[in-house]
Each structure stands twice: as C-alpha cells, then as structure tokens.
Amino acid sequence: MTDQNDTPPIGLWLIGARGAISTCVAYGLAGIRHGMLEPVGLTTAEPPLSELDLAPFESFVLGGHDVCARDVSRSAGELVKTGILQPDLVAATASEAATYEANLRPGPLDGPDVGLADLDPRSSELGALPPLQQVARMRADWDEFERANGLARTVIAYVASTEAGRDAQPEWDDLGELEASLERGIEQPASLLYAFAALGSGRPFVNFTPNLGASPKALHALAEREGVPHCGNDGKTGETLLKTVLAPMFRARALRVLSWQGYNMLGNRDGEVLRDAAHRQVKVQHKDDALRSILGNGRDLHTQVGIDYVPSLSDWKTAWDFVHFEGFLGARMSLQFTWAGSDSALAAPLILDLARLAEFAQRRGEGGLMAHTACFFKAPLAGGTHDFHRQYAALVEYATSRMARR
Amino acid sequence: MTDQNDTPPIGLWLIGARGAISTCVAYGLAGIRHGMLEPVGLTTAEPPLSELDLAPFESFVLGGHDVCARDVSRSAGELVKTGILQPDLVAATASEAATYEANLRPGPLDGPDVGLADLDPRSSELGALPPLQQVARMRADWDEFERANGLARTVIAYVASTEAGRDAQPEWDDLGELEASLERGIEQPASLLYAFAALGSGRPFVNFTPNLGASPKALHALAEREGVPHCGNDGKTGETLLKTVLAPMFRARALRVLSWQGYNMLGNRDGEVLRDAAHRQVKVQHKDDALRSILGNGRDLHTQVGIDYVPSLSDWKTAWDFVHFEGFLGARMSLQFTWAGSDSALAAPLILDLARLAEFAQRRGEGGLMAHTACFFKAPLAGGTHDFHRQYAALVEYATSRMARR
Amino acid sequence: MTDQNDTPPIGLWLIGARGAISTCVAYGLAGIRHGMLEPVGLTTAEPPLSELDLAPFESFVLGGHDVCARDVSRSAGELVKTGILQPDLVAATASEAATYEANLRPGPLDGPDVGLADLDPRSSELGALPPLQQVARMRADWDEFERANGLARTVIAYVASTEAGRDAQPEWDDLGELEASLERGIEQPASLLYAFAALGSGRPFVNFTPNLGASPKALHALAEREGVPHCGNDGKTGETLLKTVLAPMFRARALRVLSWQGYNMLGNRDGEVLRDAAHRQVKVQHKDDALRSILGNGRDLHTQVGIDYVPSLSDWKTAWDFVHFEGFLGARMSLQFTWAGSDSALAAPLILDLARLAEFAQRRGEGGLMAHTACFFKAPLAGGTHDFHRQYAALVEYATSRMARR
Amino acid sequence: MTDQNDTPPIGLWLIGARGAISTCVAYGLAGIRHGMLEPVGLTTAEPPLSELDLAPFESFVLGGHDVCARDVSRSAGELVKTGILQPDLVAATASEAATYEANLRPGPLDGPDVGLADLDPRSSELGALPPLQQVARMRADWDEFERANGLARTVIAYVASTEAGRDAQPEWDDLGELEASLERGIEQPASLLYAFAALGSGRPFVNFTPNLGASPKALHALAEREGVPHCGNDGKTGETLLKTVLAPMFRARALRVLSWQGYNMLGNRDGEVLRDAAHRQVKVQHKDDALRSILGNGRDLHTQVGIDYVPSLSDWKTAWDFVHFEGFLGARMSLQFTWAGSDSALAAPLILDLARLAEFAQRRGEGGLMAHTACFFKAPLAGGTHDFHRQYAALVEYATSRMARR
C-alpha cells in the first residue's frame, strides 16, 4: 500500500534503451499512468507482492543507453505493426515518448559487435575508450539524469542484445585484480563495465540478459562492499519458464524423462543477433542447465535446445517442445507444447517488477544478491533451485517477511 | 527404510479388479517383485517419500471385486496389444496373475448400470440385495481374504468405472441418518456402500474415481468415529495434472487467462462409459473446478472441458489444451499442449503409492482424511489448493514430519 | 488480361452485408483499388485464372442486405482491434466505406432468428411479409442499386450467419410446386427466398454458407430455366480445406485412417450463432461428409467434428485435428495439426473470386450449376469429389478451356 | 489381376539388408504370405494400381547385401520392442526369416564410413578392392541368388544408410568416362557402384536413399543403353510427403507462405548416421528443394529443415512443422503439424510397390527412367513437379494407360 503523493521520483535507466523490451517498458508505463492499461503481467501488482511498500509505477522516470541510433518512436511503429502495441496507446502517450527519447544517451559498443545496422557512431568511439573512461562516462550520464529529474535513486536495468561469449578471465574472480586490470586498460565486455559502473556508484543493477554483467565473483564482492542490491541473469519469460514449471511435475511423479527437445523461433533483433554461433552459445546453455538440474537424471537424459531466426515472426517468439518420457511398466508417453508469445511484452513487465524490488531492497538497506528474485531468471546469480514454483514461493516468503517487519 | 523380512503381508483390495488400472497394478507389482521393472512413476519410491517407513511393494497381496466376468489375463492381452504391457513381463508373471485371479470375487452392480457387456450375472443378483446385505457380503469377502493370506490389514482401493451421477440425498450429510436409511433398505450408489463397508470395518478406503465413495459428510464422520484413514476423489493423472501445474504459473506471473479449452480423447472402457451424458457430467466437473479455483478470475474466464470416446486410441489418452491469455500491453498470446499417455499406466502406480500411504497412516493411528494426499486427486476430499506444486510440497512436509517423529 | 477502361461497372450484392466477411470484402476491395493491398489470397489473381477475361476487381460496386443495424465502420473497428484490418487502410478508405454503407438495405429476418442483438426492426417487419412480397422487395432493392450505379449486371453473394436447420419440404423438389407454395404464402427460409429472388430475376447467386439457398432441386430447375449461373454451398476456408487436402494422401498411400477428430474454436458472431444446436447441426454435417467420401472406409472410420464458441478468439478461428492411422505391419501412427487463421480474411477473397467467376459465366451465357467452383465449397452443389487438388485441377481445366475458346 | 500359380519367382535384393526397412520388408512380406497382415500402406494393393498385371507379393524371394554383421532377427527384436513388429508375427514367420538370413551377403563398405559399430570385417575388405572387382563380386552374388532360387529376374533396391556427401566428379556426366575411370581404379561411392553393377547387368535399380546411386547422367545413359528401368532418389515417406501435399494448397489459394520451419527427430541408425554433418547435408537439401519448387516465391520465402538424433524415439520419427503465411488484407496466420510415424513401416511397403513397378516395367520392355514413380521420391530422377497429388495423378494415368494396352 503506497501513498503516491509523498513518493520521490525514482530513476529507471535501461541499457538497450531503443530495443523492443525498453520500448514496451516506456509505452507500458505511460499507458498505466494514463489509466489506459491494466497492470497485466506484473507480478508486483498482484497480492501478496502488491501489499509491499514498493514504489508506485507512476514514480519511475525513464532514461537509457543504447548503441544504435534508431528513434524510439520507430521501434514503437514496428511493435504496432506486429500487433503488440495498440495504435491508440502510442498516439496518447507521444509526449512521454518524447521525454524518454530526450533522456537517451549513446553507450559504448562491445568490442566484437562491429558491423551492426543502425549503429550510433558515438557508440563506436565510446567503446574504443579505456575501460575506466567508459565507466566514468556512464556515471556522468547517470549523475546528470538524476540531477535533472530530482531522482532519489536510479536502478540500472540491462536489456541489451546478447553479447559475444568470452572465455573466463582470472581477474573476474577477484575484485582487487579486476580493479587493477581496469586501471591497466584491459578490455572487458561492455555488460561487465555497466555492472561495475552501477554497483561501484551505489546503483542497483538488474541483468535481464545472458551477458556477463555482474555474474563474476569480483562484481559480487563489489556489490557486497558497497551494499548495493543486484540480480540476474537472463530473464525467464517463455520456453524456459515452462520447462521449469513442467519438469518438477515429472520429478514429483517419478516419471522418467528420456528426451526433451526444445525448438525456439523468433524474428526480432535478438533473434538476428543469435544467428551468430558465438552469441547463441551463451543463450542456449542457460536453457539447458535448468532442465538437467531439476530432473537430475544425468547421462540418461537427452536434451537439446535450438534458437532459429525466423524473420516473419518478428517479436512473436514461438517455441515447440517435445518431451518423451517413460512411466510405470516402461510405457512411453509424450507431452508437446507450442508457446506463442510476444517476447518483449513478456519481458517488459518483469523489468518493472525487478526495478521496484531493487529500489525497495536498496531503500531497506538490503545489499548484495537479491536471492528472492530467482523466479525471474534462467540463471539466478544466487543459485538455488530452478523449479519455478519453489522460486516463486521464496519470493512470496520474502514479501511476507518484509510485510511483517513493517 | 524398511526391513522386508519382518514386514507382515498387507492386503490391497481393488474394486474394479478386472479393469485396465487393476491389471496394471497386478502385473506391475509382480514385475517389481521379479526385478523386471524399475519403480518408475511411483512417487513413494523417490526421496523424500522413499525414506518413510512404508510397507515394501513386495509385502502387498492383491484381491478384488468386479462386476464383469472377463478374465484378468484377457485384460492383460489387450494391454500387450496396445503396447502398454510387455509380453515378456506377462509371460514371466503368469503364476502371480493366476493367484490374483483366484482372489477375485463378484461385486454388486450399481443400480443404473444395467446392460453392460461382460457382466457377471452374480453381480446383478448382489446389486439387487438390500444395501446392508451387500455391505455384509463385501466384509465377508475381505475377512476371508485376510484369513486366507494371513494379512495384517487391508486397504480398499476403488478404481471402478464412472457411476451415473445422483442428486444429493439428505441422509448423506449425517451418519445417523445414513445408517437409519440403510436399515430401512434405501438404495445407495455402490461406491458409497463400498466406502461404508470399508470404513465401518476399520479398513482404509482410497477412492481414485469421481464416484461418490466416501465424499459425503456421513462417511467422513464414520471414518472419524472409527479412526480409519481415507482419501479421494478422482485420480489426477493427465490433463488435469497439467492444468494444475500450469495454471499457477499464469497466476504467479499475473498473466490473464482468457480461455482454456481442453479436449480429451480416450478409447478404453472408461471412455465408453463416459459416452453417456449422466456418467460424463461427474467427470467433467472436477476437471473444470481446479482451473477456476487456481486462476480465480471468475466470470472473465472462459473454460470448457470435453471427453470424447475414440476407440482406436484404446488406453492411450490424448488431450489437447488451448490456453489463450493476455499479457502486458494487452498483447494476446497462447499456449497449447498435447498430452499422450497410457491412462492405466499413469494411474496404477498412484494406487500403489496411496495404498502404502494409507497403510502407513493406519499403522500410525492417523484416522480420518489424509489431507496430505491432495496432490493425487482432482477433487481432494480435504479441500485446499488445487495447485499441484503446493499440494506436493504438503506431501513432502508430511513425509518430513513423520521422519522426524521416528 | 483485361482492359480496365472499357469494363462496365458490375454489382456485387452481399447478403449479411454488415458482418465480418462483407466488411473484409469492402475494405479489401478498396485497398486493392488504392494500391495499398496486394491480391494475396485471391485465386483468380494468380495464373492460370488471372489469364481469363474476368472483370477487374476495380469494376465492382458493392451493396447489400443485412438484418442488423450495426454500422459497417463499427465492424471495421472490431477487425482493427483483432489485428485483421490495418488501421491505415481503414483510415485511407473511409469514403469507399461511406459509399458502401449508403448502399445497404434491411433484409428480411429468417423466421426462427428472433432475439438477435443489434436487430434492425425493419428486418423483423420484412420477415413477417408473405414470401412473394419479400422477394419483390429484394428485387426492387437490386433494381434500384443497378439503376443508381449504371451496373451491367449484379452478382448476389450470400454470406449471412447460419440459419436454423429445417426438415426437407416436398415443394423443394419441384419448381412448380415451390412457386405454387409461395403463391399460397407458405413460409420458407430467408436464404431460399434470396436464391429464388436472384435466380428468378436473372442474377447469379453464390451461397457461401451452409444455409439452404439454391440447394433444393426446385432452385436448380429455376437456374436452368432462366439460364443463370449459381454455385454453393458453404465456403471451404479452413479445417475442411485441410481435411480435403490431407485425406487424399492417406488414400493414395493406402494408409488406413482409424479416427479423425476435429475441434474448431471461434469467437465471432458466426461462432455465437453456432452455440445453438439447431444452427450447429447444419454446419457440422458438411465438415464430416467430405472426409467419409474421400477415405471411403465406411464403418471402420471414426470421425467427429466439433465447433465451440470461444469469445476471446474473436475472428481468429483455431482448429486442432487429430488423425490416428494404421500403416504397414499394423503400426499405429498419428498426424495432428493446429490451424489458426482469420475466418473472415480467409473467406473474403473467395467471395471476390466467385463473383468474378459468376459474372464471367453469365457474360458467356453459361447458366446453371458452376461445377468448376467445387474447390471453393464444403458441399459443392454439383457434387463430385471432395479432394481439393482434383477440384482445383477441374477449375484450372475450366480456365484453360475458356482461354482456348477466346 | 494376376494368376499366382503360373507366376515365376522374382528376386528382390536389398542393399542395407540388415537395417530396419529391410527387416520390415522381410517380415511384412512373410506376414502377407501367411495371411496375418492386410496390405495396408501398399499403393499397388489399391485400385487402380491393383488392377495392373503386377507380380503378386507372394512371388518375391528376398536376399541382400549389408556392411554390418547384426543378425536380422536381432533387428526384428528391436522393432518388436518399439512396438512396430508384432511378436506373434515374428514368431510365426521364423522360418522365412531364416531363409532371408541365409540369402544375405557382405557388401563393400563405402570409403568414408569407417568406424561403424557392428561392422562385418569382410565389408571393409570388399570396400578396399578396385571398383570393378567390387562390381564383379556384386554381380556374382546376384547370379548365384538367381540360380539357387530359379528367379526370372531380380530388382535391386538400395535402402542403406546415408553416405557421406561428395563433390561432383567430371566422369559422372559421361558413361564412357565413367567406365574408363573405373578401369583405372578410381574410387567411387558404393551406391554408384551398386547402380553400375545392377544396370550394367540388366537388373532394375531402385534408390530409396539420398545417396548418389544412379543419379549421375552416366548412369542414366547406362540404363538407356541396356534398356533397364530405374528410379530414385530418396523415399518420400513423412514430413516431405506432407510438405508436398500441403504446399500446393497454399499456392492454389494464393496464400503467401512467409516461413516454413521443419524440425525432424528420429532415433534409429539412420538418425545416428545423420548426426554427422557430411551425411546430413545430402538429406536436408532434398527436403528443402521440394518446397521452394512448389511455392515458387523465391527470396521472400524463409525455409529451414533440421534433423536431430533423439535416441529414445528409436524408429518413431517425429516431425514438427510450422508454416507462417499471409492472407488477404495482410492478415498473418499459421499452420503447424506434428507427424509421428514409424520410419521403417512407412518406407517398407513403398519398396514392395517399387519392386513390383520395376519388375512390371522390365517385363514390358520399358527401360530408362520410371518417371511415373515420382510420387515415391523426394528428388525424382526424372524431375517434374514435387506436388504429390499431381505426381500421384501421373502414376494413376500410367496405370490406366497400361491397362488399356493389355
């Protein structure tokens, strides 16, 4: 239960601010503010989470970084065409969109990602700077954003496209070594620099992608040292969500899963990036890990996950899963499902949920890993079960305990 | 952890003993005894339930009632043909099958169920007796079965075909009135008489069907008075299991389910019985209740469940569900699944699980409703959530608490 | 190859003119005229049919009858909301829509169809007139439409909702008896009166619904006598189309279909009307006939077709079919498909195709049944195979022969 | 219409004789002979093909080559376990199986295929011989088979696993050059040597695989020169069959296919071989060609075909296809299907059909390409349409014309 009147404005800074997810966040938030949208898809809008003292949706001010130059209203136009954004919503919220556009800044391009369409040339320049200069620029953008909007605090949410995978570096395991290596100008993935910039300047960091972000131990240490909450990685929005909902059923009933094949098709920019094997690798692994961890029947289990780029689908991610399993008497049975959902409309509300939870945690002085947010992620940074219902039960328990403390 | 050597034999008496489920129970138990089958599909064979002091599978002796005259080995032949029972298992366990056959007795035919194929004429005669005489015959059969096999106790499991529905009777609500009405010779559904016979003679009663059984308050009172454990109704083995696994996900993510259509096809005797509208009514209602209770969005939710008889499918129940839902921004999405499983091979192991749990409860002196078995049923007699994962968590909690007490 | 300049304008009169199909016809035709739409979904726009001397799309002028009072632009608004009509198309073609609206007239309500929402009260009055007066009013509307627009001829296309089924009447078999019964004022289904009015006044009649229309022998005789082309019944747009495409494959490969279950869900006004059993009966029968006729294995084949009203789907008809079949060695296999299409966007182009073919036939002096249009219908009036590919081959052959004659 | 009594025995020699397809051919033929199986799945057993003067099924004597040493009865055992062969059929036809086993000989191993499990060491030795010596050994095996069984003629049917792909060789285009290169001892794919051995010795050759076989021009010339009938390549049994049945519907209705994704899963030896990219390449290409050729919308069409090895499926090939298409008004729709069939039970009857048609053609003196068999193949050697229904119409026309000539 919140009192809107005395809530100070909160910043929500989106990395990947011109992409489909961010566009849905921006128009969705405006739609809620205008009373044109009901809070469907928002976990924090339903009991028991809605009973926490979370910042109201209306208190969030949006800004962001991106590496491409495409206007946000063009992204919105594409989402209207694919039937995800309603044209009347876009028309009614044009001024909010313009304000958002004005709050966007170029972000540094990750080293291997040259040759992208729509690239903002300033992003290439930024990406070529020594790492600590990049970090300084990020923080300067955030400082200015907070000052200009009178913000109490800002949550940094990372929703950019999948980065090229990297081999693990020794400095990732130790904060001191990482800081030294940055001083020496050793290149790091852009997502890690964002996490470093955020956590080091006391800003909560939410990584909704499979990119490195704050997953290295060195960043965990930084968050602990600075007492800043953070969470990630890789939003659980579609096929993996279903896997982690269904697999525990097979386990509870002692049904032996023989094969679990998952075929994902999508046609948005994310899908395009994933055409490249180096980028796909990171994504696919998380999808597979969850299943093995829940089913736990090691070498007997055959699993496979594919992601294919199907341009005509645009943002409508469609997945087909085939589960072959054995029951009593050795009888062989199957479950197959087809999931067809808007990738961005599924992700966007979770960004708002996580921003509210991160802001709440910071306000309460709860730093470090937000273990209670595991149900939002394919690869929860705090580990634990992948079983969605147990993860959600943990979130409910967190909410209950925080209500009690009030 | 059990010590097989000093476990006394336990009776498991199946009502509907010549049907497909019972046949799978009989051959499956024999297969486990011979080491030919692994305990797949058995919840109680996996941790944490396997750590309870449950009676070992090998300690169960089988008997049963049925209204039809078909030999069990003929039922087995049909299950071999449809690929559910392995021919080598049937060959290797012929002597156990013969012993089971020898333990079968005719049971009373439920009033409205005339004109069934394969009918045992003795069942019609039994069904025409005054109700308390029917009860007396049931108990006499059980007494003889226990004496002949030196059984410590017997669990009665009801797995007969769906009965014709009945309007609620006033005497169902009060044990004294029910007993009086039975004295006066008022007819009752056969499933109620079985429950009365079992609970009144101190035998646990498991109702795996949507039939009345022990669901009236009068029977609950009887179970309480006699301190006998019982559970039901209507085994949750397929489409409804999936519904109660998936629906909580939509709820947790605040996704608004608009329509949930479920189409079930099956070709076994159960399916044939369900062709009749009076029989189908009972079955379909349970399937719908669970969904509404979990999603809780009342009049906005459109649901429909159908069951069609498709003879060529035989025991292979195939269900297609279509879930139409709304996400953030009003975007419309869908999930559809096809479940193809052997109806009997899914049900049979749960009968063994429930028999073990009922025997365990009785041994511990836990009488009345076995609320911890809700995850096994479409319409749990003790009520509570339909959410499968929460139901299963309650079962795990029961197991944990009983281990602690040891 | 047509020369647009010297083509006289042709009338296309839609019965059910305010419904979704007619709305799609009207906006689609306007979109083609504006160059905003490509002729996708139009059989006559592709070779070899495009090589016939058909009237160009641009030469058609639209008018129609309806029993309800809802404005066409409101129908369009609903189709925009469900993602079928593009908002920019609707905006750009407002003046054509207004012209169409101005050409609409109330039509007589079919006797049993009282209590419909949005009913135009004038339709109830018209429906209460003696049948020949109704016929006279229809013809008067058409005469006026032709005069006002300088039309060379008018094709009457019947796309109204499903009527309540009727028992066959003796007068339907004989034109003389039908005319005498009309003189005597015996009530007839509205669709029959429309067919009588059209054929008797020299106007081609296309029945895209399962309603009676021109299917009785008496109407065939009328079309023969007057030398007017006509065709029907019941457009083949979705699940039945697929059935008649797939079933011949099973036949050609000698695979034995055991069961074919078809479940249709739709949420538009058509679906709402079909909730009533009397209306549904007519529809479902055509869907079943085709399959039995192609597979031809009589009593061994189990088929079932259902149509359910699922409001949230609106115009997006979704069908799931399950085909269980036997191959060599008795091996049992299955095919299942899910078809998700816009009911109206699938039907509308076929109306334009049929109007062009009917106008062409009349111009050539080809009266009576248009047997070559069988591929468009679930229950082709001229009979013959239901095999779609053979039906389409017949249409191609018709086109080829008519080109040769030029 | 044949008279069994005076039909001389015909040889059917299977390359890949110990594989699942051949095993199904052998047991299926025996089952027909015993009257235990109906001729389901056999195109030539149904009118109008059954009215041709084809050799009766009973007249075929089986033999074959293979590179592995696994006993045929072991292959049968696996097919029983997966529910494809009935145990009573296997028991009743043991003597036919033994006769078949006695007629099997080792065949030369294709160069790149080292390291296969179950390899017959004699096959490695044979594969190391100069090509013409391999050819001579093949012919010697056939001569002996014919002599021992008093065979009028022998059809060679190639059903071995997919070979590694090869770059095209210049000698493949010219018979003289090919013969010269063989003389010089230049290595060739085993499938080409089999085709050369068969056609050069007057024996019809049926290539049911994507392997090279008789597809090079040089082999066509050989068949022409020797007047021997032959056909291929790559049996059309499942997903591609459906594609070539469904795609013409989209074309005929002018519906614009945007994307067609096909995912195939199988778990038999064929699937295992296809895990290797070099082997998979050949297979996947044929599946894609058919679609593009029918839909003909070039660069706008996005298609993808995958084949994955899923061991638990064994011989039960399961395919999921997703077709995304555009209709009138730009409305986007979809069709998806799941096909679950026994790969071998679908292929085996077609081998019998093709053997009968090849024997018939040779008996009539019809040498060269059997263009009328196109409906059996993914990549028909004589080219022409991929549209299944048009291909089947051509086969029916062939049958009709050959009946007329009798």
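Letters are used for the chains, namely A, B, C and D, taken in the order the chains are written, and counting of residues starts over at 1 for each.
Keep in mind that, in the parts below, a contact is a pair of C-beta atoms (placed from the backbone, for glycine too) under 8 Å apart; a residue touches a chain by one contact, two chains touch by 3 or more.
Quick caveat, the model's predicted, so the values are computed rather than measured.
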Sorted by label, the chains bordering both subunit A and subunit B are C, D
Contact-pair count is greater, between B-D and A-D, for A-D
Could you state the distance in Å from the CA-based centre of subunit B to that of subunit D?
49
For subunit C paired with subunit D, centre-to-centre distance based on mean C-alpha positions, whole Å:
44
Counting only residues that touch at least 2 other chains, which ones in subunit C make the list?
83, 336, 338
Partner subunit B, residues of subunit D touching it in the complex:
83, 87, 338
What residues on subunit A touch subunit B, complex-wise?
24, 27-28, 31, 37, 39-43, 45-46, 83-86, 89, 241-242, 245-246, 248-249, 251-256, 326-331, 333-342, 345-346, 348-349, 375, 387-390, 392-393
For the complex, which residues does subunit D have touching subunit A?
258-259, 261, 263, 265, 302, 304, 306, 308, 310-313, 318, 320, 322, 324, 332, 336, 338
